[in-house]
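Take a look at the structures listed below.
Paired with chain B in one complex and with chain C in the other, chain A is shared by the two complexes that follow.
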Partner chain A sequence: MRQGKYPFVIGFLIAPLALYGMFVLRPIAAAVQVSMTNWSGLSPNFDFVGLENFSKLLDDDKVWLAAKHHVFLLVTLPVITIALALFFAFLLNMGGGTRGGMMTGVWGSKFYRVVFFLPQVLAVVIVGVIFGRVYAPDGSGVLNRFLGLFGIDAVPFMAEYGLWSILGVLVWQAVGFYVVLFAAGMSSIPAEIYEAAVMDGASRVTIFFRVTIPLLMETVKVAWVYLGILAMDAFALVMVLSIDEGGPDGATTVLPVQIYKSGIRESDYGYASALGVALAVFTIIFAVLSLRGGKRNAVEH
Partner chain B sequence: MANKSEKRSSAGVLNKLSHVALAVWAILIIYPLIFTFLAAFKNNTEIFIGNPFALPSHWDFGSFGRAWTEAKVGTYFLNSLIVVSISTFGTMLLGAMAAYVLARYEFIGNRFIYFLFIAGLAFPVYLALTPLYIVVQELGLLGTHTGLILVYIAYSLPFTVFFLAAFFKTLPNAVAEAAMIDGASHTKLFFRVMMPMAKPGLISITIFNIIGQWNQYVLPVSLLPGGAEGQEKWLLTQGIANISTAAGYQADWPALFAALSIAIIPMIIVYTIFQRQIQSGLTAGAVK
Partner chain C sequence: MSNHTDSPSALSRRSVLRRTAAVGLLATPAAGLLSACVGGGTDEPSTSATGQVTAENPLGVSVETPVEVVIFDGGLGTKYATDVHIPSYEKKFPKSKVKFSSTQEVSTTLQPRFASNTPPDMVNNAGSKLMDQGKLVEAQQVADLSDLFAAPSLDIAGKTVGETLIPGTIEQGTFNGKPYVLNYAYTVFGLWYSGKLFKDNGWAAPTTWADFTALLDKMKAKGITPYSYAGANAAYYQYLVILTTAAKIGGADVLKAIDNLEPNAWKSDAVKQAATLWGEIGAKYGDKAHLGLKHTEVQLLQNQYKVGFYPSGSWLENEQSKDTPAGFDYQVAAIPGATASDKLPATGLYAAAGEMYFVASKGGNVQGGKEYLRHMLSKAGAKGFTELTKSLTVVTGAAEGLTLSPGLTSANAALTAAGAANFSFRWDAWYKNLDDECRAATNELMFQGGNADKFCSRMQAAADKTEKKFSR
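And now, the complex of A and B:
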């Protein structure tokens, strides 16, 4: 070796680690510290209050409401998104039936793939503003005008079905990403496996449930983790789209919104940081449990 | 024979149902965007009382001009362009360096540093937003593009390192060994041999970072405060959110929708050009 390994390794790691430590790790550590104080953010004085903020958190109705909404999103968002994405990916890759023993995609599958993925490249804020008009509670709303064609009275989406409406936007934006993810996974399944299934006279439905899904389990697990982390967020959408930023009366609130409100609005940084720590702990527990379930060995060459 | 033709006709029905399902979802995706684009040409009455499926009564491009100059969307657009170009370049350089040594060199603390980076994936940005604000303020970088660029790079590192480390691991050892025998230094090996070999992965993750940073909202809102002078530094998402929250029924809604169109259209163009790379990147990163 002409050049020492360690000087090289240190040289390459120092700048990324410095930036990461300064702007990511240090603020996170500070948040943990602040969560045990009664710092109001604006005044320079604060006292150490131990776990007081955390016990206050357990008595906060809005926090329980937000936690309930995360559980709702944690179940519905991955299930609906993954089901739709698997279905569409299968149609795109194999919906065309068999030709000479090979599974083929439907006509126009390339176009659909491009369109489905599109929402993924748009900012959540922008999507939120657009859906404000889609969900408008009268005939000027896109969705209500459409339902009106079938004689359905205008639905006050955000007032009565706020969380479902927000779930709808999350699914709308996420599905395409997973269609592409699953479609890529499906095309990496060896053609011989499908040929054998087709030779045995398996229908497309049978192939979907008996061949494709079992072979895609690892990818589905990855998708589950990504979507779970998304379900812990939903901040921008709730802020832009819901009535009264998490309302009406807390009906659409999520923990990040509570953090923002108690931290920025009420300058209760100690309590806001405690909420942040609680959310982070939940997120990490979820991620670790999911990743342990989907652990794979690294590819060695 | 009867059985066979039955099977074929049921396959035909399935085929038609497939097309219906796919077409319905495609319309669900495209229509809200077409609606946005059309609303830029409508007036307030048409947007708030009219039929959302109707075409505009006049094709008035004035809203785009008002959005670009009066609502300052032109300035915001340019700011976003400057910040995202520099921060994406920085993210890729630093992210690739860290990922490379973590993926291909054994040293004490390798796993620890790797998991330190990966842990960042679990933390939503706004959790430590207040302390971050204070750190940036202490460095005198609050309200500057420099501060925002450094923060963007720091927050983009976890996914970039995670993705590229996996990619560098898949590169064959033989080429690296041959280069080392030829007398290449570690640094030369990285820039001359490994980086070119990792090009497909680098392109995909570059595009992901561009899209992610272009669409970022929480960070600019926190680190680029308002005020007459501060507003000149605002980014596009921040500016649009501000127009939309400030907009009551009396406000210039066509200009808001023009601003939304201005923000969306470049993303659609970039995406249409690079969608193949995005797909191959996903295959490398998540399926493998």
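And now, the complex of A and C:
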């Protein structure tokens, strides 16, 4: 039995590993290598240019602008989404106060759960098109029609508050998933802890900050990484919603949009790959830092 | 990076790999990976089928080899190919088949096929996802069309294909001295308006700048947005207008200098004056909300008589045919003269052959691809195209005897009035990065409180950073 163990394990692993190597590792390796060439994507020929693409990248204003936008999204998107999701999840699970010593959700919480989750099942492009109408800069836009009722002049959302507008859509779409995630986390917290807290006379606010959040910390950290990765992307929304694909004048651009522009539009796949490699490195650094960041002081229950 | 356009790439793939390994940054097995991914095909030109050259078959097409064509499925549709050009080709070569396909995303569909050296024979490179034509030529993926233009026309007796074309057509598709691309549709650019709106109000198309602004004032008084374009995705309609004015002020050489990336071409007085004039129009008569609109939205507003002038090309009428109310009566006006000392007359027009068609140099039936273009350029082929798409072609006189729509009639009249004073530029197709920059600069100028100095200096900075590849 013992002798046959390794061939047995290897036999099972070889197919998935081969597929993983073929369709994940090999393209990644190829992208790294293309990033050191001047390949145009339009012929099999290319020259090896070393790190030229990477030095060009450092001089590209649009890339720095995009990086700045990623930092903005990295900070705001997780904070706002997690805060809202925690709040909603708390209301759904225990916002209704106590009944017979048990925490219950607000009235109609089952219905709200569906409503919150709905945006999550919509395709991003559809969300983009819908919000295109919501943000429309003239009276035909949902928001501007609403503002018009109060005599407020039409606000050019995408022209002047592009990044905030896109952040709004990202939050709107993401919140539902994290509500469900946190709600599941909350329901796994033993009821006795809450009972004890209620008996000690803790208010709902105190329970939320002193009991729920500390016990959910691990889930929140995972959510933080997921949302951070979402903040590194935002490609489809920017392409569909923004003015001039990442404009006006780069005001909403993100790295994936720059990759698209230099690869598909300008046929500079070498440079596009270099941008892709840079983005991958940023994302990995972010994931490692945020997962490392809070390993300590986890509260167990 | 050096200029590869006319010389084969200095490095063969083998030597690239050898150097790659020598540099030591990449391990040899990894280099094998790279070649597996990037270069599916080989460097040697694939052998393309040919046949006997005869008077009936001047391009030496192999009569039995199928020819593959890919048409962009956009505003012009694909009916002109399936109903006119393909039957024409198959009638002439009954043993050959035209393998037809269409796509809305040219680059996504075809880029991998060029990368693996197995391209289709004839490609209609168009749409917002078109391939960078300059880069394609540079990568030697495009066949030289000299023999096509020297061949006799299919149905215009006694003339070569080249002689049947509107002057400037071949030049429009020439890269560094050789014709590589056929620009098939002839497009007139100008300010489009509703004939009905103008008639009802007793307005006339302006020819001087003073008349123009006076008319815009009248429109504004009526509650119409006098002048608009779509900032969200169609800023290039507006930079075309700005540069048209620049050409009128300083002559067509202003545009040539820009194309050739000459030092300070974007900072010439003519460009600066034009940008100043149009920046004022944007600030005074534009609607800031339109920065966030797409071209279809602004065009719809014009159809609802809420926008006065709209800059566009002669495809506009066909594009809007579903939304245009009865009696709207599309008309086009040349962009008004700018100053009293303009070098070109006020009737001068940006008119150019557009809509690119090219033959892939590494396809399986290069001569067949060229023959297909010869069928497109026959009088019958061109006439069928105009009938089905309401667009003129570059074949002289092919629209004779057709009943043209109001917009096309007006475009034709504008073209006649312009005479020799028509001009165009090429930089937007040659250098896509400048196109991107100019869209942003134009939106800044027209909508976001920019000024002419900023416009000129940021365009000049972008041009200075661009490596020169083409000239005319």
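Rule of thumb we're sticking to: the second predicted complex is superposed on the first by the 281 of 301 C-alpha atoms of A that agree within 3 Å, B and C clash if a C-alpha of one lies under 4 Å from a C-alpha of the other, contacts with A are read in each partner's own complex, and residues count from 1 in each chain.
In this section, contacts are C-beta pairs under 8 Å (C-beta built on N, C-alpha and C of every residue); 3 or more make two chains touch, one makes a residue touch a chain.
None of the values given here were measured: they were computed from a predicted structure.
J.: Of the partners chain B and chain C, which touch A:A236 in the superposed model: first, second, both, neither?
T.: In the superposed model, A:A236 contacts chain B only, not chain C.
J.: Applying the document's definition of touch, where does A:P27 land relative to chain B and chain C: first, second, both, or neither?
T.: In the superposition, A:P27 touches chain B and chain C alike.
J.: For A:E266, using the defined touch cut-off, is the partner it touches chain B, chain C, both, or neither? Pick first, second, both or neither.
T.: So A:E266 only meets chain C here.
J.: Per the contact definition in the header, classify A:A184: touching chain B only (first), chain C only (second), both, or neither.
T.: Touch partner of A:A184: chain B, not chain C.
J.: Which partner, chain B or chain C, is in contact with more residues of chain A?
T.: Here the partner covering more residues of chain A is B.
J.: If we overlay the two complexes on their shared chain A, which of chain B and chain C does A:F8 touch? Say first, second, both or neither.
T.: First partner only.
J.: Considering only touches as defined above, state whether A:F131 meets chain B (first), chain C (second), both or neither.
T.: So A:F131 only meets chain B here.
J.: Return first, second, both or neither, reflecting whether A:A154 touches chain B, chain C, both chains, or no partner chain.
T.: second
J.: Can you list the residues of chain A that touch chain B in one structure and chain C in the other?
T.: 26-27, 30, 34, 41, 136
J.: Along chain A, where are the residues that touch chain C in the complex?
T.: Touch list, chain A to chain C: 26-27, 29-30, 33-34, 36-50, 135-138, 154, 156-159, 243-245, 247-250, 261, 264-267.
J.: Quick check: in the complex, which residue numbers of chain A touch chain B?
T.: Interface residues on chain A, with respect to chain B: 2-3, 5-6, 8-9, 11-13, 15-17, 19-20, 22-28, 30-31, 34, 41, 84, 87-88, 91-92, 95-97, 106-108, 111-126, 129-134, 136, 139-142, 145-146, 172, 175-176, 180-181, 184-185, 188, 204, 219, 222, 229, 232-233, 235-236, 240, 256, 259-260, 263, 269, 272-273, 276-277, 279-280, 283-284, 287, 298-299, 301.
J.: If you look only at chain B, which of its residues touch chain A in the complex?
T.: Spelled out, the residues of chain B in touch with chain A are 11, 14-15, 18-19, 21-22, 25-26, 28-33, 35-36, 39, 47-53, 94-95, 97-98, 100-102, 105, 107, 113, 116-117, 119-124, 126-132, 134-136, 150-151, 153-155, 157-158, 161, 169-173, 183, 185-187, 190, 211, 214-218, 237, 240-241, 244-245, 256, 260, 263-264, 267-268, 270-272, 275, 278-279, 282-283, 286-288.
J.: Hey, which residues of chain C end up touching chain A in the complex?
T.: By the definition above, chain C touches chain A via 1, 9-11, 13, 16, 19-20, 23, 25-26, 30-31, 33-34, 37-43, 107-108, 111, 114-117, 129, 131-132, 135-136, 138-141, 231-233, 235, 287-293, 432-433, 436, 439-441, 443-444, 447-448.
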